[in-house]
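A single structure is presented below for examination.
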Amino acid sequence: MQFLSDNAAAVHPRVWEAMKAADTADAPYDNDALSRALDERFSALFGRECAALWVATGTAANCLALSALVPPHGAAVCHREAHIEMDEAGAPGFFLHGAKLLLADGESAKLTPQGIAAVIDPIRDDVHQVQPHAISITQASEYGCVYRPEELEAIAALAGARGLGLHVDGARFGNAVAFLGCGAGEAVGAADVLSFGFVKNGAMSAEAIVFFDPEMAATVRYRRKRAGHLQSKGRFLAAQIHAMLEGDLWLANARAANAAAAELAGACSQRLLHPVEANELFLACTPVERAALREQGFGFYDWGEDAARLVTAWDAKAEHVTALARAIAAL
Amino acid sequence: MQFLSDNAAAVHPRVWEAMKAADTADAPYDNDALSRALDERFSALFGRECAALWVATGTAANCLALSALVPPHGAAVCHREAHIEMDEAGAPGFFLHGAKLLLADGESAKLTPQGIAAVIDPIRDDVHQVQPHAISITQASEYGCVYRPEELEAIAALAGARGLGLHVDGARFGNAVAFLGCGAGEAVGAADVLSFGFVKNGAMSAEAIVFFDPEMAATVRYRRKRAGHLQSKGRFLAAQIHAMLEGDLWLANARAANAAAAELAGACSQRLLHPVEANELFLACTPVERAALREQGFGFYDWGEDAARLVTAWDAKAEHVTALARAIAAL
Amino acid sequence: MQFLSDNAAAVHPRVWEAMKAADTADAPYDNDALSRALDERFSALFGRECAALWVATGTAANCLALSALVPPHGAAVCHREAHIEMDEAGAPGFFLHGAKLLLADGESAKLTPQGIAAVIDPIRDDVHQVQPHAISITQASEYGCVYRPEELEAIAALAGARGLGLHVDGARFGNAVAFLGCGAGEAVGAADVLSFGFVKNGAMSAEAIVFFDPEMAATVRYRRKRAGHLQSKGRFLAAQIHAMLEGDLWLANARAANAAAAELAGACSQRLLHPVEANELFLACTPVERAALREQGFGFYDWGEDAARLVTAWDAKAEHVTALARAIAAL
Amino acid sequence: MQFLSDNAAAVHPRVWEAMKAADTADAPYDNDALSRALDERFSALFGRECAALWVATGTAANCLALSALVPPHGAAVCHREAHIEMDEAGAPGFFLHGAKLLLADGESAKLTPQGIAAVIDPIRDDVHQVQPHAISITQASEYGCVYRPEELEAIAALAGARGLGLHVDGARFGNAVAFLGCGAGEAVGAADVLSFGFVKNGAMSAEAIVFFDPEMAATVRYRRKRAGHLQSKGRFLAAQIHAMLEGDLWLANARAANAAAAELAGACSQRLLHPVEANELFLACTPVERAALREQGFGFYDWGEDAARLVTAWDAKAEHVTALARAIAAL
């Protein structure tokens, strides 16, 4: 009964089907019909013109997205606990040729205009200090919390006022939209580019970089190839994305994961360290309690000394979730 | 009837089966059982201790392999028409932080000790000139030609004498081994690292970087993650590789592709610009002749003004091959 | 009456003389007699075998030094207010190809083993997190404070235990040695490499990178050229360094600057935000007070809202120092 | 009697005077009065608005200039024997983050529109091949030959038609202008940026990057600092440049060097491998002949097996030149 992460969950049957269906001759790289249809598909979803590129990982999606916004001598502001800072092995430094991440604070790994300003305001406008060129936020955040449309608006306003680009790491974008109950467009606000994650939500190996300024995609196409991320059988990545979007499978899967998380949250509301808005729970939990849960067969990560992280995937089994909820309640 | 490339061919049914079988819970990244079994598998195949990392593309495989051999201020010698020079969008410059490729000449895109020496001998041993640190050869070459074991030995001897690392781009390594009829180890010689290609030979999205010095892999693991190439559901890449190696599927597929190429070669031996040893043919062919072939439904690439490139894939249909052979003969 | 910085102070007459004396024909780059004599000179000064390279700036010295210790996928630990983090425009990211700086805390911009451990202990030993490869400290620190030999020993012990390299940014190394009253070797401890600054201390445009492991210099020679820092008339940089070392001019100049700082410190001991150990003072000072000082003709930098930074250079005029001391005392 | 190179020649007395005169308090970096006056000075010289940045070396000048024209995923076309390709240790790869140099052919290291087209025309307009973004030419060329205004015009026209930037490496720009007898503006044509060399022509350590689009300089200012090339006592570099420009010292010095070369050329017109237009001579000369010259006390470089390179500096002594001319004639 694994609640370690959603990142290694099963592949949804409809994704499998779409991949199998793509196993016919077509042009290589992203010249196949499925890849060529992505721009239109995302444009329809977001209600504005988009250009979308597939890649296999969220790290590649985030860093290629940022490469359109930040020059090598610049910086992006992100949360101190952002995935790009903590868990991508310095990939932004590689893809951005040494550009910096400027670390801001904020509750539950969410940035605020105040938190961002606290980081960039002290930067002298001279060549000795690295200047910010973009803001990167995570929707839903690394602590499973969701930016509301008005929060996105406030950050976008700051970005606009300071001439900064805005990137959204949407590794769990589906979970955010499912929580907000709004359209995809509202959940991303006036961002320039979105890393739209599918792998944690039922796909196998396909994420989309969605550019809301299609011109940006032109340069990133070169960067994607140059980073070894242009797969020759790219039709299999495009197929996954189409399957996830078809009939809003991405939303259905995210809702399932969120519902499981909500059930668990209901069982331990006193223990929660962050609001449970998506599919991650962070709960106070002593080593003895964690050991007790593990003895009952539940897998999860420790989160520091006295907490645990639980993640529910799209395919979480109802009986496992209920069993865990009970086990936690019984601690 | 496509003879454009093998890079977008179908996925072999046994690869599909293995991928489906991998769709069960396991650890993320390369901590799953399948990924962890790769070192042993390749060690058995090559008869010496190896460490193997999967990646999704040949470009990533080549560049990560080279990153273990060439520092940012160094260079690798490769053929003037090597894939890393011609068709990877400058990826070596990205992965190697600006290291150079030094371009050597040789028949049919194969390097020789003489050709390599002609490039590196004139380099002054001072800080003003970029010093070579490695040699990269392609087995089979970009013109479908295969290094014989004694040719590999001679290059490895030069590399050893000059203190250079040796990398083999094996995007079509299977075709080379199938042609040589020798063991995998003999077909790679004393190389330090091999990019072992599977995507052109029946896999979907998995190549292996095989390090014959396992210590090299330790650093490259960080570089792979940093380049966004560590997929969280890596088990699906490992599964592809195991399926390709199981029962020597890689060899069977390569033999099929080579046989198709040989059949075509038999129909146009007067036209051949390079010996046909693997699964690529380069033949003299006027624009009029090419138009005639295309009218009959054959797809292929022009190769300059008066030549064509034909590539046979593992799944080339016998009737298509025969039809093309006849059509060429009838020109 | 400028107390803005020591970085634009005059050039010492003996440095001028040495430069003029070098204006004769000699070999280019660092093949001249003066450049070739540097290794021996620094070896004598530090009492162990050194290899020394000149460069024109402290930024180049620091970053080239670090490039010998930190691979592109690694990190160096430094103080949150270290010059390499705050005032070098992201140069470490450039020279180290995207490697990270991990920011530690400590009084007066000095690191401690505890502060360093607090940063590196939480780093998981996996490929998702950037691993530390070196520690960089500044002697004297950015707040004008000096590491005692036993403090250096403790940091070097930690570095050794964790397998980390140790770099010392000695932009004001002379001031540190002058304060400690010890030998140069004791003031740098078991560091691997020192950026030995001369420009702030009477030279025009020459700093030395001193490698205590001479083998490291071999690679950095290539990196220096590659970074455009190998001047063809390098003899003029070597001449500056020799002049600074001759008769311990570097120490005499540093003592003069320190003495001036000490005189000022005596006049405002209640206001000091950091101990005055070298040639920098940070003092509490309201905007009104700062305006008053400026009206009397004193130049200096604001340091946040309610503080000022004063720096005394080697050529500070006694009457200016005394005047400023009085002016501060009279506030 | 040295004819090895002009790169380590003496510093002109007027440069020394200007440097001494700059040894007064002024603002650090390039905030001093001399540095701030450079834009205007070069604007007057070239008759159009310029922005100029000093750096200490030609390598830094060339690479920072190119960084304004070529993105990391792009390429610059240069001659196969260009200094940036042959003698800068891969610096373009470092400063441009792995961008490529595409090598073109041409007589005497001069590019022609045909030579450039031969390199860029075969490049497919797809993401697999590195796209050219700029052309870099050397005025005077590495073989001491000078582009005529109409040749510059033709290259600029090609650059314009293909959307390529144009960089001129003017390490010996003075010698080119002296030869052409035209204005500085005509000798650089419609270039975007010029590396204006002074070190080989009487300065100590100052070159200028002259941007004919002043906006380009804004970004390069950050890159210069980031590369460790922003010296804190920058006033000494600016002083050198002003001294070289004052009263056209740069032209007088270049004329002297050219005249010396012309005198030598007159003595060996049969031996010349390239026209002598600036201050370099390449002459057929057997090993025995070279030994004979060296025995008479003349220093110079071998150029392959059967040739020699002679370079005359601004301070070449008339009696040395005449002696060498006679010695060559007597061979």
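Read from first to last, the chains carry the letters A, B, C and D; within each, the first residue is number 1.
Just so it is clear, a residue touches a chain if its C-beta (ideal position, glycine included) is under 8 Å from a C-beta of that chain, and two chains touch if they have at least 3 such contacts.
Which protein is which chain? UniProt says A, B, C, D = Low specificity L-threonine aldolase.
Quick caveat, the model's predicted, so the values are computed rather than measured.
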As a test of understanding: of all chains, whose mean C-alpha position lies farthest from that of chain A? D
Chain A and chain D have mean C-alpha positions lying a whole-number Å distance apart equal to 50
If you average the CA atoms of chain C and of chain D, how far apart do the two points sit, in angstrom? 34
Taking each chain's centre as the mean position of its Cα atoms, how many Å separate chain A from chain C? 42
Where in chain C do residues touch two or more other chains at once? 72-73, 88-90, 93-94, 97, 127-128, 222, 225-226, 230
Linking chains that touch, what shape results: line, ring, star, complete or other? complete
Touching chain B in the complex, chain D uses residues 72-73, 75, 86-90, 92-94, 96-100, 127-130
Quick one: in the complex, what on chain B touches chain A? 2, 4-5, 7-11, 16, 20, 23-28, 32, 55-57, 59-61, 63-64, 88-91, 93-95, 199-200, 204-205, 222, 225-233, 235-236
Residue positions on chain C within touch of chain B in the complex are 29, 71-73, 97, 127-128, 131, 219, 221-226, 230
